[in-house]
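Common to both upcoming complexes is chain A, partnered first by chain B, then by chain C.
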Partner chain A sequence: MIGSNFSLGITILLGIVILALGVFFGLLYLGIDRKLVARMQGRIGPPIRQPFRDVSKLLMKESIIPDDAISWLFKFAPVLCLMGAAVLLLYVPLFGQPALLEGSGDIIVVLYLLIIPALALVLAGFSSSSPFATVGAQREMVTLMSYEFPLVMSVVAIAWHTGHVTGASPFLFSTLAAFPIWGQVGPVGIIGAVLLLLVLLFIIPGELSKIPFDMAEAETELAGGVLVEYSGRNFALFYVANAVKAIALVAIVVGLFFPYNLSPVIGIGAAIPATIVDGIFFLVKVFLVMFVSVMVARAAMARFKIDQASKIYFISSTLVGLLGLILLWIDLVI
Partner chain B sequence: MAAISLAFWNPVVCLVVFLVVIALIYLLRSRGEGGYKKGTEQTKAFLCGEELPEVEERHVKAHNLYWGFFQALKKYYDPTIKAHTGIVNDYVLWLTVITVIAAITFTLV
Partner chain C sequence: MSNIKNMDDTKEVKTSYTIPIGPIHPALKEPIRLDLSVDGEEIIDVDVVVGQVHRGMEWLGMNRNNPIQTIYLAERICGICSVSHPFALVMAVEQAAGIEVPPRAEYIRVIIAEMERIHSHLLWAGVAAHEIGFDSVFYLVWKVREEIMDAMEYLAGNRNSKAMFQFGGVRRDITEEQFPRVRKSLDYYLSIFDQLGNIFLKDKTINMRTRNVGILKKEDALRLTIVGPTARASGVSKDARQGHAYSAYADMDIKAITPDVITGKVVGDVYDRIVVRLLEIKQSIEIIDKCLKEMPSGAIISEPKVAKLLAVLKKAEGEGIGVHEAPRGECFHYVRMEAGMDPLACWKVRAPTYANLMAIPTMLKGEQIADVPIAFASIDPCMSCTNRAITVKQPRKGTECLLDLHELSLEKTRRLEAEFDR
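Entry: the complex of A and B
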């Protein structure tokens, strides 16, 4: 009994540490993102620690609730959004270690949890009673509907192939870590896996409402869209949620496609140094995925219109994902 | 975990985690400033200085709710919507045609 309570206590403590690290690195990467994109566009940009200052400043500001808003929903939506993003962190492998709740849910649960922050944004927009926010919420919903199918297809394709080849539980991140996709496929399968990776890289900015898929916020057009009426601590929660979701989302891509650790390669056997090396290596991988899918895209492209984004996700990305899936299947057959 | 072959989750753990995380978030939220000036200009929804329409008029109409999605799939939806005439005779005709095709298919297979 004492042992079980001790184990539960350690798990809760680890969970809180993971959440704290998720928030810290989420905001840190947001700062790096803003700095690098600014440099790419020939601007100086804010200091890397700016997101931390933003959050502390927002916590000091008034949290205004519009007169005609649905007050309880308006206040609960940011909590729900951050909750969805934070819980994700506990179900995905981070810092080269297995997910804390690996035994309590698999990749399918992660796919469902991914929907919560987006739905919370939709609720926030519709509860705001602002014309800008309702248009933003409508766009967020359409974007969500458009990228869900290719997202699920890509993830399930990788899991299905790995499960089929290895006979192990297909929807576990630990299975994908033990049998990385690149080691299970031939030349045809590699092309298929690359296509599925491209689809996921393309979905990341949509999930995070980043340019070119930031139609729901669209500062220059909707003045912030879904979040136009948010301020103070309620806006701070959305701000942190977005940063946490970025880390969780990229960690999913890393877990699916790059689940490698550095310590076995350079021959570090001791537990603590290996954990540190693998943790740093994970952060490097997260940065590289974020750099390609978020930063470069944001610096180089302009915002799509909502129907263009929907077409790109629901038709183009789905077709590319389907081609990737077919190539993986062909790889199994030949 | 070796016995698990397909998707699984533990809803009790998930629910407990939800509650614990929500508690932590409310703790963080409580650190922020909660007050604001009720009944002043700052509580009016922002619309670039334009006069706000009535509350009922501010929402996206139901037929526009999925606009971007319908627009993207226009080539699919246009003929599909056209086929839904609302005339019972047309639906019965569709049913008959589909039944005949299905019967022929099953007979051949």
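Entry: the complex of A and C
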């Protein structure tokens, strides 16, 4: 009994550490993102620590709640958003280690948890009584519904294929880490897996409301959309939640497609150096995925209209995902 | 404007809610209000409410010590058209007072005006890219724009507010030694012109956001008397430089540019407006080049002594109009001068946006909310130049203040017509 209490205590402690690291690296990557995009656009850009300054300043500022807003929902939505993003962190493998709650939930749970921050944004939009926020919330909902199908399809396709080939329980990140997809497929399957990866890379900016898929916030159209009425602490919570969500989301892609660790390759056996090396390697992988799907895309494209974005996700991405799925299936048959 | 619009659109529309764009909104660079009635994402009705930045410029201009001071004021009507307004004003006063302008001054005026067109169109291109969320292009274009700003600073001593105009000529000469610096800028723009064209006309996402958006048909453009690039993009071959051929433009053989030169057909959408403005940049480069080649020698001002000029202006009696094709369209100035009176007796300014705002409801109806920023920006609106009146005291409920004004102006037009007939 004492032992289980002890291990529960350790888990809670680790959870807090993971959350702190998630917030820290989320904000750090946001800073790097802003700096690099600025350089791509020929600007100097803010210093990398700017997001930390933003958050600390926002925390000091007054939180204004509109008179017509549904007050409790307006205050609850940012907490829900941050909670959703934080719980997500506990279910995905980070820093080359298995997820903290590995075994008590699988990839399907992660897919459900991914919806919570988006739903919190929708709630925030509808509860803030501003027409801009209402339109933003509608757009957020449409985007959510559009990318959900290709997202689930690509994740399930990879898991199903791995499970089919290895016979291990398919919907666990540990299975995917033990049997990376690239080792299980032939040339046809590799093409299929690349297509599925592309679909996921395209969904990341949509999940994170970044250009070209930032219709829900759309500065020049909706002046901030869902978050237009938020300020102070409430806004800071959304700000942090979005940064945490970015890390978690990219970690999922890394866990699905690049679950490799560096320490076995370069032959570091000792536990602590290996953990450090793998942790740094994980950060590099996250950076690379973010660089391609968030930073370059943001600098190279204009914002889509909501119907165009919906079509891109619902038709183009789904078709590409289906093609990837079929190629993976063919790979199994031949 | 709201009441004028309501008069021809009396049918009731069912709306779910209204979105106010403005007076302060990221999509707008200057204050104006667009009240959008929307159903989901679709725009059902648009009401344009102007009058947020009235500065009483015309009144100020009529109350200066003398007309020369009004030139400085005209230069400050618009931060971007800081050549167009003084250009139109000096032409109006020269007509009223019968002042001759030496040919060399005409050429210098045209060079400066065309340089302004290049800078204004590049500025617009950047703003348009920002409106569709393409910030990389926004920064790129504004970086490119610096070259012409530098050239203008070199010629006039100032990036903006160039203070080149004087009644009867210009205040500063453009000498032979200054030509290479100007040519360098022109060559720079010619060398990057194809790249700019590639970005704006071929980029996939820009195409997705601008094709078939904010369409203004030719009939509508004619009916609403739209001017400038907005009208030309709808296929109306109208250009003050061609139609009036004032100043040195008469030597330049200018043809109004319509988008079918590149696209083969006129749609009248935002894309066509990009095409027209891009081609006009090239046209301006050619005009400046021709001006530099053919610039006649001689005086740059007919009366260099200000005191003597003021005496002439004080004696002048009569009316004059000045029409200049500003980057946004036809800029129109009217002056009346009375003998023995120091300042202008009357000064009326019509900036191109005043005419082009009429197109906004037609352009936006049936479009999505996402199209509002780019469609509105596509006329290159300039609010502080446009505002001619302000409602200082809100009318009591039930009184139709603007409608009364409309009636009054109709009455005055009829009275004037009757006077002329007599």
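Here is the rule we use: the second predicted complex is superposed on the first by the 334 of 334 C-alpha atoms of A that agree within 3 Å, B and C clash if a C-alpha of one lies under 4 Å from a C-alpha of the other, contacts with A are read in each partner's own complex, and residues count from 1 in each chain.
As a convention for this text, contacts are C-beta pairs under 8 Å (C-beta built on N, C-alpha and C of every residue); 3 or more make two chains touch, one makes a residue touch a chain.
Every value quoted in this text rests on a predicted model; they were computed, and no experiment measured them.
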Requested in this report: Applying the touch criterion given at the start, work out whether A:M40 contacts chain B, chain C, both or neither, answering first, second, both or neither.
Outcome: second
Requested in this report: In the overlay, answer first, second, both or neither for which of chain B and chain C A:I108 touches.
Outcome: first
Query - First, second, both or neither for A:V286, with chain B first and chain C second - result: neither
**Report entry** Contacts of A:I306 with chain B and chain C, given as first, second, both or neither
**Finding:** both
Requested in this report: Pick one for A:T134: touches chain B only (first), chain C only (second), both, or neither.
Outcome: both
Query raised in the report: Who touches more of chain A, chain B or chain C?
Result: B
Query raised in the report: In the superposed arrangement, which partner chain does A:E229 touch: chain B (first), chain C (second), both, or neither?
Result: first
Requested in this report: Examine A:V294 and indicate which partner it touches, taking first as chain B and second as chain C; both and neither are also allowed.
Outcome: neither
Requested in this report: Name the contact category of A:V92: first (chain B only), second (chain C only), both, or neither.
Outcome: neither
Query - On chain A, the residue positions that both chain B and chain C contact, one per complex - result: 131-132, 134-135, 138-139, 215, 223, 305-308
Query - Partner chain C, residues of chain A touching it in the complex - result: 40-43, 131-132, 134-135, 138-139, 211-212, 214-215, 218-223, 299-308
Query raised in the report: What part of chain C is in contact with chain A in the complex they form?
Result: 17-20, 25-27, 38, 40-41, 129-140, 143, 203, 205-206, 208-209, 368-373
Report task. Please name which positions on chain A make contact with chain B in the complex. Result -> 12, 15-16, 19, 58-69, 79, 82-83, 86-87, 90, 101-109, 126, 128-135, 137-139, 141-143, 145-146, 169-172, 174, 215, 223, 228-229, 232-234, 236-237, 240, 305-311, 314-315
Requested in this report: Can you check the complex and tell me which residues of chain B touch chain A?
Outcome: 1-2, 4-10, 13-14, 17-18, 20-22, 24-26, 28-29, 31-37, 42-48, 52-53, 55, 58-60, 64-69, 71-73
